[in-house]
Amino acid sequence: MNHDTPDKLPKSQKWSGEEIGKHSTDSDCWVIIHGRAYDVTEFKAEHPGGSKIIMKFAGKDATETYDPIHPPDTLDKYLARDKHMGEVNMETVEVEHEADPDEEDRKERIKRMPILEQCYNLMDFEAVARRVMKKTAWAYYSSGADDEITMRENHSAYHKIWFRPRILHDVETIDLSTTMLDSKVDIPFYVTATALGKLGNPEGEVILTRGARKHNVVQMIPTLASCSFDEICDAAEGSGQPQWLQLYVNKDRAITERIVKHAEARGVKGLFITVDAPQLGRREKDMRSKFDDVGSNVQDTGGDNVDRSQGAARAISSFIDPSLSWKDVPWFQSITKMPIILKGVQRVEDVLQAVEMGVQGVVLSNHGGRQLDFARSGIEVLAEVMPVLREKGLQDRIELYVDGGVRRATDIIKALCLGAKGVGIGRPFLYAMSAYGLPGVDRAMQLLKDEMTMNMRLIGASSVDQLEPSMVNTRGLSMHSTAVPSDTLGLNVYDPLVNPPEKARL
Amino acid sequence: MNHDTPDKLPKSQKWSGEEIGKHSTDSDCWVIIHGRAYDVTEFKAEHPGGSKIIMKFAGKDATETYDPIHPPDTLDKYLARDKHMGEVNMETVEVEHEADPDEEDRKERIKRMPILEQCYNLMDFEAVARRVMKKTAWAYYSSGADDEITMRENHSAYHKIWFRPRILHDVETIDLSTTMLDSKVDIPFYVTATALGKLGNPEGEVILTRGARKHNVVQMIPTLASCSFDEICDAAEGSGQPQWLQLYVNKDRAITERIVKHAEARGVKGLFITVDAPQLGRREKDMRSKFDDVGSNVQDTGGDNVDRSQGAARAISSFIDPSLSWKDVPWFQSITKMPIILKGVQRVEDVLQAVEMGVQGVVLSNHGGRQLDFARSGIEVLAEVMPVLREKGLQDRIELYVDGGVRRATDIIKALCLGAKGVGIGRPFLYAMSAYGLPGVDRAMQLLKDEMTMNMRLIGASSVDQLEPSMVNTRGLSMHSTAVPSDTLGLNVYDPLVNPPEKARL
Amino acid sequence: MNHDTPDKLPKSQKWSGEEIGKHSTDSDCWVIIHGRAYDVTEFKAEHPGGSKIIMKFAGKDATETYDPIHPPDTLDKYLARDKHMGEVNMETVEVEHEADPDEEDRKERIKRMPILEQCYNLMDFEAVARRVMKKTAWAYYSSGADDEITMRENHSAYHKIWFRPRILHDVETIDLSTTMLDSKVDIPFYVTATALGKLGNPEGEVILTRGARKHNVVQMIPTLASCSFDEICDAAEGSGQPQWLQLYVNKDRAITERIVKHAEARGVKGLFITVDAPQLGRREKDMRSKFDDVGSNVQDTGGDNVDRSQGAARAISSFIDPSLSWKDVPWFQSITKMPIILKGVQRVEDVLQAVEMGVQGVVLSNHGGRQLDFARSGIEVLAEVMPVLREKGLQDRIELYVDGGVRRATDIIKALCLGAKGVGIGRPFLYAMSAYGLPGVDRAMQLLKDEMTMNMRLIGASSVDQLEPSMVNTRGLSMHSTAVPSDTLGLNVYDPLVNPPEKARL
Amino acid sequence: MNHDTPDKLPKSQKWSGEEIGKHSTDSDCWVIIHGRAYDVTEFKAEHPGGSKIIMKFAGKDATETYDPIHPPDTLDKYLARDKHMGEVNMETVEVEHEADPDEEDRKERIKRMPILEQCYNLMDFEAVARRVMKKTAWAYYSSGADDEITMRENHSAYHKIWFRPRILHDVETIDLSTTMLDSKVDIPFYVTATALGKLGNPEGEVILTRGARKHNVVQMIPTLASCSFDEICDAAEGSGQPQWLQLYVNKDRAITERIVKHAEARGVKGLFITVDAPQLGRREKDMRSKFDDVGSNVQDTGGDNVDRSQGAARAISSFIDPSLSWKDVPWFQSITKMPIILKGVQRVEDVLQAVEMGVQGVVLSNHGGRQLDFARSGIEVLAEVMPVLREKGLQDRIELYVDGGVRRATDIIKALCLGAKGVGIGRPFLYAMSAYGLPGVDRAMQLLKDEMTMNMRLIGASSVDQLEPSMVNTRGLSMHSTAVPSDTLGLNVYDPLVNPPEKARL
């Protein structure tokens, strides 16, 4: 195909579906996105997600698949202006209904969803979401790095912390409120940044904004949101609702500076610079799911898919600067007055360094187990950090946050006993949103509040400032043990004990 | 409906079932309980268990469901006199036999129950009870807080304690008797307080009274019994059988004072003030079972069930005073001469405080794992407490009891080695009672005696005062570890070893 | 029935089966054993195994069931002379072939047994034995106390010990021989005493004698053997094969003295006094299996079975003296010159006491996990004992043996590294005997020798005296931990990783 | 049969298949290998693999089974010249196609193999290989010693090491290269020696050579290769690709000297003397698989198979000298200038001895878990060794390598943090080769590079010399614990929590 102007339409005219359909070969490939045609013939070889996925939509409407995984301004940024071929008359585009048995099953499962009131805890939303989400969306949200050991450890680590509750303190009135970076919030958790919200719900991250507003908690806005930054800010407009910005630092610092200043102008209350993701992780569950999708009847391809199939997030994150270092911190301090918080700190040495450089906070985090497998849980790092800070008298010089694995109010209480100002919660709210939309997010937050009120009473604390280290036992926390591999032959021959059997039916 | 007197009957007349049946709408709702009609039209909105469950019995007899979960004086207390509509001629009330497949199955399982002699240990009663109890009753008894981790830890903690038995001591005669709060008992366990006994057996807690009498052990009478306090006292009357009172402290101290003084007057030997339950716990298994019951064909209800479905116990416990504090202890000491024991102490600091305030005992307990998940087991707390008391020379100033998870005589022996005066056992006797009634309770107690006699011999102690700390190894007790999450991919590809196969059939 | 002499036969006459068959009621009950009739009408109420099991054979031949669980002289001892009714003409006794589906299945399984060469390790014999043994025999051999936790721990404890092998030592020639109580043996294990050998093989313990002779290892003769003591001694006669005697001490010391002196006269080389069994254990698997047998179509019996169904071993052990104490040791030393060894010592304090009293050895043992559940493994006790003995310079004053859980030559090597002179092996040889008879025992012993030669080479020791503590790591040995109870809800929602799927079949 | 010359053919003539077929009895047994006939009538009794396997091919072509498990010069070495009967006209030899259902299934599984791009990690190759390899080949590669506990521990041990990553270091450029024994390599792993490569792929070890060359890593050439030493050297010829030699020391030192000098002449860069295998291990999975193969319709054989069925590797390793000791080291140093490395060192004492004797390196290894079960993992030994070396100032006197269980780049990074120069990887490349040939090996290595680049970034190190001990937490590494045996009865009666159920289908 040649790219002459003849293919271009005069303004005010629209392509028909039939015309678009002719551009469906490797050497002449157009796609429709949001009612406009784009010539991606040349671009597709550079497409970070590989060319295969594009060819699947050659000559067709790709909007549904494209939308959740590309920020709104993607086409403007990455596709030359002269490849934007103009509007399409969508009434002339045939909607394909290929019979997808997986999708049929999923729709059936949606019909049989339990009602919202049957979800009693945050895991319940995840159970429902797993049944009703699209497979690829589920894979993207739920996957972690390598063997997903850190991802699971994140929650499991909380199980190594046990309570030492005190009794006979007046707990009639429980005050869950606290302050994070000078914002007053109703309960010490915040909605942490997670990418690609539209995979779970067509409205995307603004649903989380509305949930956070209702419960007066902070939302951290992700760099890789499906909604644009301004859409998310707009959703909070006028409510006084505090928002923070999670930032992947661009190789082009001018872009970064623009983003930061814009955020400050829009009233964002904290700048959370991600420091645990110089490169976005390999998540095999995600990679495998994509492969299944694109490559279901694949033949041996001689290796073409190798590097490209590593997931959307990685692809769209190629702008992230892996050379970011401590030397860049003063620059950030020079361009904004927002508090600066390093997100993804993982050992005490780096917390001390952060104090030294005058940043206002750190998030002890391993990126939800999605980056380095065998990174320790944030809560374990917290238990390492806080005693050192106290010993050096630095405990008030920096705010510590923790994220990863928080599912119960008891988890929040544990983190606060160990010295955290608050905890970030990500996936659980995504799952609640994906399964039930805003009412799901609302209920999830309400359940946490109910659990927390109850458990504050039971631990003997009427406000969060009363939570302190003597209320927990962390002896087993940093012990990473695996049992001796099992003795298969010995177990094979052991007859387990049984309870009394029922009488036989006559 | 209007609430005019015309609906009232002249004394000596009775309602017919047909008349009651007319009051079966949301705006005109009567129910029959124990042969009397009650107008609950207005009350049902305030019903702690929610209005749905009431509407299920609108115009009908609710006695069977009502009875086990409401103390005898509930209607007098909570329903205005003018809503007590008078007697019903029960012969005119049609007994409904709705086909309930679950209930049919249960009846079939009851027919096939193993005989009592096939129960060899306390877990066996639980296995049978699970098969033959009503689902909701089972859910109420068996559920715990949140993830039920503390509930399971309670028994599991005993497995971390190992024996160092001594040999070649004369163990021909074994004396299991001991003294608790000056009462002589035959074996160092007591029947601890558990609520709603009629869920398991229509006669309720008096069955436990009779079992305790037969084996000469103490019964602790629960505040939330299905039987009235006096019924339970009466059942012990004249036998010299010691009883204790478990007390939830009422916001209205006058009521509490009345209860305490009445108990003392009836000869109760100890006042056990519950200090681990300023609010009764969320038990999701219980909540879910209720939901299943009421809401089996539910549609989305817009949230009405949310707060109400949290279980009967929580509902009827709204009187408990969450402001109870150390400051209240002297008041209790002023109104009674009974020994005062704090039930639900969970760390050594609070035991020391209890000694200081001159209370006679504490029960190291987490309320059977039904309140704060990740509270430590009583036996672990005991191992923390006793060395400190001994170091301070306070070991004789207070009696220590432990409950939670006791299933074997070895568990009792471990607790006594570590310094407990006795252990409380709750659920196992409920299960024995639910499955087999009094003979079940009798056998359960006898099995514990048999086990204990045997195991005292094997550990080399002929009386309980010979049990001492050097007889146990507790090195692993306070280590709360979880294994590193499993390596799924690696385990997938491992071929387990196998034993020699049988020859193929020819 | 009356017990007049008319029922007695003149000498030289025999009863017919038909005549015996008339005595088959509760009030007139005879049984045939080894071709002779016995009137057990009165005795059956005192029968330690309960009367039910006797009534099953009323008027019939009971030999097959009676034989393995009663020592040869039982009838003479326990049944008055005048109840011995004389010989039966066995040709007139009808052999019953009741259809027993379990037994049919078992015979089918025997047909399909793997050949002996397919057993590669000691667990393999157990796997085969489980399939081909009678259910009650299997239950008796394989059961342990309470929850069988100590029984399983016994083997599992070896898994907590890891090797620190040394390299580059000449291991061309490996010498496995050693000396135990002055007897030279070919490999440092002995066949420990186990009861009721005829349950596994009609010839009983003499098969073990022959196996031990072939491999030149010691056999310890059990008090509760199915064969008589002299039969077992006779089987060793003339071979110079060393034998030891395991002794349950009788309440009647005259009997004990007779046994000990007789053993010494027959050349027994060591007297192993059992000190961990003042009463024989409750083994629920065994009890349950008996119940199944006798009580398969039971109705509620009002409790008659309760105490009687506790297993044959317990019944026939009623003679054991629970008052045995350290004070009795000098008496034993006064009646025999054989070395005296205490079997069942479980803590260092008692080993020191044993040294003090001048006994020649102890067996660190918990009776195969059949007595006190949560008793520690012998190997764990050994690791506690040996450093103390060395510190006090007593390591050569006493020989230490260990039994329980030994299944691999590596287990033997671990015990020797930690200071044991030798290890006892019981159940594995019983299983080898039960499955394959003498060839099974032979192969089991040979496999241990092969494994041991190999593993001595690999650990870098050419003779057993080179095995020493620096060759093992025991850091985790005495840590009895249980994992935090699992997080069911969290695990429910985790999607395990999977390997690449096969392509779908077309 | 008599062995007269008449059976010999004149040169230039060939046997026909029919003629060979006549020699198929126990007393007259020929086989064809690589187109030549051999008289093995007498030899077969001495055959280390037993005579049965030979009789299976009596009178037939045995090449396919013979080839992978016999080094090329086996027949010349072990079969007397006069039993080499000359060439066979292979066109006259009937190819047997016996219906082997296992083999049919395997071929079907090969057809449905996932494509190479679906393998995302090293475990994936193993999963595919297990499905598509011949059962005996799989058994040989995948089996380990005794209970295979060390084999599994090898990988599991890495899971006890957790990262302490540092942040904000410039990781734009990652340099994975390093130097091993003066050879520059692109990534710090090498292909370690594994036997019998042709079991997995008909071309054998040369495939690994080509893979190693492509990625510029070292290959260690095994003594027991299926290819000859020279074939493997030839495959590397001219590329400058570094190779090492793994050496089993022959009882005949002249042979050993010849091998060593030849290797040095061919340019081999390091001599790795195996010190953990004075005798090759018993691997029951392997033994059992062989038995299944040969003995599928076996009758009891009276023991003939006992010693012979212990696996090909053991058989062909009978030349290994178990008397090898530290005294031999100087002799090796005298015959070669190649660096000498001891492979299979397992405790710090022996590393110190190695330093003392001036060897250049050690491999901390337990032979892939194939020798001594309960030997510790190499990585655990490394964590023991390195601090001692550093304390003594010896850390630069010797190079430490580790092998066993390496599956992820994170494993490599952990080893390097703890002080290893590099890690050996064996089975994973064999599996990649067996499943996909050279492309499989290539992809496996590329995946490791991708993982490592990523994970170096995430740990905050831009080159391998920056990896250091503070980046890992090894607290749980040397703790070998097993959980207390499970409480079967208790677990039986526990009702696990469940998530909300789906609505019933209507």
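Which chain is which? They are A, B, C and D, in the order written, and residues in each are numbered from 1.
The rule is short, and it goes like this: contacts are C-beta pairs under 8 Å (C-beta built on N, C-alpha and C of every residue); 3 or more make two chains touch, one makes a residue touch a chain.
The UniProt protein names, listed by chain, are A, B, C, D = L-lactate dehydrogenase (cytochrome).
Quick caveat, the model's predicted, so the values are computed rather than measured.
Chains that touch both chain C and chain D: A, B. The interface with the greater number of C-beta contacts, when A-C is set against A-B, is A-B. Least-squares overlay of CA atoms from chain A onto chain D yields a rotation of 90° to the nearest 5.
Homomeric contact chain B/chain C is classed as different-residue, with under half of its interface positions used by both copies. Between the CA-based centres of chain A and chain B the separation comes to 42 Å, rounded to the whole angstrom. Separation between the centroids of chain A and chain C, computed from CA atoms only, is 60 Å. In chain A, the residues touching two or more other chains are 118, 120-121, 123-124, 127, 147-149, 152, 156, 159-160, 284, 288, 479-484, 487-490, 492-493, 497-500.
Here chain A touches chain D in the complex through residues 109, 111-114, 118-120, 123-124, 127-128, 131, 146-147, 149, 275-279, 281-282, 284, 287-288, 291, 295, 298-301, 303-306, 309, 321-326, 328-329, 342, 344-347, 349-350, 371-376, 478-485, 487-490, 496-499, going by the rule given at the top.
Residues 115-118, 120-121, 147-149, 152-153, 156-157, 159-172, 408, 410, 414, 443, 446, 450-451, 454-455, 457-459, 470, 473, 475-476, 479-483, 488-489, 492-493, 499-505 of chain A touch chain B in their complex. Contact residues on chain C toward chain A in their complex (touch as defined above): 121, 123-124, 126-127, 130, 138, 142, 147-148, 152, 155-156, 159-160, 284-285, 288, 407, 484, 487, 489-490, 492-495, 497-498, 500.
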